[in-house]
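What follows is a pair of complexes built around chain A, which joins chain B in one and chain C in the other.
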Partner chain A sequence: MSRAVLLQVLYLSRRSVLRALRQPATVGPALVFPLLLLAVYASGLGPASGLEGFPGDSYLDFIFAFPLVQGAVFAAISAGTDLARDIESGFLSRLSLTPMRPVALLAGLLAGVVALGLFQGVFFLAVGLLAGVEVQAGLLGLPLLVLFTVLVGLGFGGIGAILALRTGSGEAVQGSFPLIFVSLFLSSLLFPRNLIENDWFRAVATVNPVSYMVEGIRSLIITGWDLQALALGFGATGLLVAAGLFGAAASLKTRMARS
Partner chain B sequence: MLFFSVALAVARRQVYRVFTKLSFFLPSLFPVLFFLAFAGGLTRVGEVPGFDFPAGYEAFQFVWVLLQAVTFGGAFTGFAIAGDFESGFARRLLLAAHRREGIILGYILASLVRVTFTGLLVAVSAYLVGMQVLGGGVDLFGLVGLALLLNFSATLFATGIALRLRTQQASPLIQTPLFLMLFLAPVFVPMPLLEGWIEAVAAVNPLTFLLEAGRSLIIGEPAGVWFAYGVGAALALVLLGWALTGLRRAERSGS
Partner chain C sequence: MAGSNGIEVEDLVREFKGGLRAVDGVSLRVCEGEIYGFLGPNGAGKSTTVLMLTTLLPITAGTATVAGFDVARQGPLVRSAIGAALQEAALDPYLTGTEHVRLQAALHGMPRKEGRRRGDELLERVGLVEAAGRKVGGYSGGMKRRLDLALALLHGPEVLFLDEPTTGLDPQSRQALWEEVSRLATDEGVTVFLTTQYLEEADALADRIGIIDDGKIVAEDTPEALKAQIGRPSVEAVPQDPAELESLGDVLGRFGSPVAASSGAVAVRLERGAGELAEVVRALDGAGVGVSSLRLDAPTLDDVFLEKTGRSLEGESEDAAEETPA
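Let's look at the complex of A and B:
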């Protein structure tokens, strides 16, 4: 990457991060809602940890993957909405008249997602540890948990960017939120796959890559160093990141040609 | 314009928008998603010692999802009102309508249509996953009545906020209290199985009374139904005042 492109990426990353920080209505829910739901699920579903075959003995430990993944999705949706706003306001069209490289725009936008994901990961982890989450992987597992959060955010950020670039509408990106939520809930996010009774749900959860991302994160908390779960988790997350980035780059190319 | 013609005009426009704009329509699918996720994935929770609900976990979750659907139907109506103020449409509406209370009634009617559709979607999903209903027709009628009363209250609450703030940035203020009320209730297990802080909060949460009464109706063993109706009616009465004073504020602001 040339120095000029790097500079462009830096400028746009700074813009992206500052824009996120200047919108407490965006950052606030991305931090508060996942924690609120964590508290509700941990209390409401606590008795489920007594079921035979339940991994670990604490539902709080089990569900701790939830805020990490959901927070990343929140960040990704807001990044997609921001990009759509740039399209709606004509910023992208004006940018296309400058020597700015399209890749810099995408990298800048995703840098904002990564920054927010990093902050979320550290924040959720700190709150979780204070609330009594025990990470079996020990101290070395903590940065890995944050890395998972950042990568999941980057992957969903790419999806958010695809939606924004394809539709050019913030409303459409927001409207797609339920569809992304479907992928979270139809997984082993709330309950272990071995205890899911409905065949159709277990089948959907088994083919849903989100299950493997969640189980990778969860393995660090409940089991320790489970290499198979980690490989599957990083594999699924890597695929999401690759699909998100390639899709976003292709959509950006089409959009810039139209602008 | 007379009161009812204002109401009908507002309702017709709002219903048209809900069913023709994807961004308005998609959130209607949220409750179905919640139902599939909770009732589909968490059925084994029904086997937790002390969990006693004869109609099964699907029916147990159906009542909560139904109440969640009608509550968020009210919230989305609030978002639409806020959006109408931002676009300038609401200002023109306030100028055109002689009986402005009709505007509130219009949004309430639209909200009712919206949640009727969403409720039916949830009911069909529940039927498809094999939910058992042990209550009779009267019980189900009672459950629907509770849901409509809650939708009325939630719509009035959201309307009151939207009329006061008149910006879409009010969305978190509409959504958060309703969200808290919904989730700080016995969502996943019955009241006696809740432990710790959530038990204390759920015990004083008005939604708990409606939820418990609704669950008693779906299994055909009504309990606390009149009390729940009383709580719902009291909420609706207070929130009607909240929405009407919000309308006065919007009128005074001239925006």
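Let's look at the complex of A and C:
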């Protein structure tokens, strides 16, 4: 990557982060709602940890993957909506009239997601540790948990960018995200797969890559260093990131059909 | 030839899905340092033409060169040579004026020091030094347009595209923008391609005007030459006694065909030009029709538009201005 492109990435990343920080109404919910839901689930479903076969003995530890994943999705919604607004307002056309490389735009946009994801990961982890979450993987597991959060955000950020570039509409992006939330709930996010009694739900959760992302994160908290769970978790997350980036790059090429 | 920094367009076509031809065989030449006014009503094909010339929309057929570069095959070179302020100032409401300038300079690959110097100079020129540190979301329509212009000029373009730059602006902001555009062409030799639906704007700014309607250029020349094509002025009279409006119309009708007039007045386009005015006065006197006012109007660009398209542009531009938020 040339120095000029690096500079473009730097300035576009800075813009993404500034935009995010200057929209407290967007950043606030991405930090608050996941923690609120964590509190609700941890208190309401706490007794589930007494079920036979339940991993670990604390529902708080079990459900702690929830804010990490949900926060990442919030960050991705925000990035997708911002990009769609750029298209609606003509700002993307302004950028297209410069020698800007499309890769710089995408990298700049996703750098904002990464920055927000990093902040969320550290924030949620700090709150979780204060609330009594015990990370069995120890100190080395903490950066890995943050890395997971960032990568999940990056993957969903790519999906958000695809939606924005395909539709060019902020409303369409926001309207599409309930589908992503459905994909979160049709996974092992709230309940371990081995305890899901409904056959179709268990089958869907088993083929849903979100389950493996969640179980990878969860393994660091509940089990410690479970290499299989980590490999599956990073594998599923890596696939999401690759699909998101590839799809976003292709969509951007179509959207910026400059001569 | 348009010269290396001009614009040359030959049989330009843009067809959308469903076969709609938004631009249908447009040919034009804009010389270096010239201000070319592209005049037409909403939906005539002005913005589509600009999008093609700025490489943002692929050309369906025809050829175009801007600043000596082929629009279809040398997109990056075209983009480096042009500046554009497209319809609606496309700015990020969460960034400040200064942050916009810094971002634009970085995307153009300008050295940091040069970008800052040029950015500060342009912010001063467009009168935004004091507002530069404020978020653009709080700017007025005129301030956004001025920042848009500064951003378009940051890298020193040879050709400047302005797509309806004054739509929705108050008269003061409009005048300031006109002065800056004139200065750019006159002092810096920048070629300006200006689309507008305001006749007054085209008349005041453009060296030459192309009138586009339904995707085709229906007339092209200097404003004076276009008006001279119509040639004949119109005369408008208001009767002293409103009851004599019909008689007034009968008398004036002997000298030409009726044209749109103010309320309570009658107007005709004089068949034999301004020399007939004395005869008009004698005829009114002879018929015993008293008038409270008598006015000779030179042809306007709207007369030209009416002659070429059979429609008036005046009403349309007013409607569009009302619909456009400031």
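Simple rule for what comes next: the second predicted complex is superposed on the first by the 257 of 259 C-alpha atoms of A that agree within 3 Å, B and C clash if a C-alpha of one lies under 4 Å from a C-alpha of the other, contacts with A are read in each partner's own complex, and residues count from 1 in each chain.
The rule we apply is simple: a residue touches a chain if its C-beta (ideal position, glycine included) is under 8 Å from a C-beta of that chain, and two chains touch if they have at least 3 such contacts.
Here the structure is a predicted model, which means the values were calculated and not measured.
*Asks:* Are chain B and chain C a fit on chain A, or do they clash, once the structures share the same frame?
*Replies:* Superposition result for chain B and chain C: fit.
*Asks:* So which one touches more of the residues on chain A, chain B or chain C?
*Replies:* B
*Asks:* In the overlaid three-chain picture, which partner chain does A:201 touch, first (chain B) or second (chain C), both, or neither?
*Replies:* Touch partner of A:201: chain B, not chain C.
*Asks:* Which angle, in steps of 10°, is spanned at chain A by chain B and chain C when each chain is reduced to its C-alpha centre?
*Replies:* So the C-alpha centres give an angle of 80 degrees.
*Asks:* Could you tell me if A:97 is touching chain B, chain C, both of them or neither one (first, second, both, neither)?
*Replies:* A:97: touches chain C, not chain B.
*Asks:* So, does A:40 touch the first partner chain B, the second partner chain C, both, or neither?
*Replies:* First partner only.
*Asks:* Between chain B and chain C, what minimal C-alpha to C-alpha distance in angstrom results from the superposition?
*Replies:* 11
*Asks:* Just to be sure I follow: which residues of chain A are touched by chain B in one complex and then by chain C in the other one?
*Replies:* none
*Asks:* Across the complex, what residues on chain C touch chain A?
*Replies:* Against chain A, the touching part of chain C is residues 54-59, 71-73, 75-76, 78-80, 82-84, 86-88, 90-92, 94-95, 99, 102-104, 106-109, 135, 151.
*Asks:* Show me the residue ranges of chain A that touch chain C in the complex, using the header's touch definition.
*Replies:* By the definition above, chain A touches chain C via 4, 7-8, 10-12, 15, 18-19, 22-23, 86, 89-91, 93-100, 104, 257-259.
*Asks:* Across the complex, what residues on chain B touch chain A?
*Replies:* Chain B reaches chain A through residues 22-23, 26-27, 29-30, 33-34, 36-38, 40-45, 47-51, 129, 169, 171-172, 179-180, 183-184, 186-189, 193-198.
*Asks:* Of all residues in chain A, which touch chain B in the complex?
*Replies:* Spelled out, the residues of chain A in touch with chain B are 25, 28-29, 33, 36-37, 39-41, 43-48, 50-51, 169, 171-172, 174-179, 181-182, 185-186, 190-191, 195-198, 200-201, 205.
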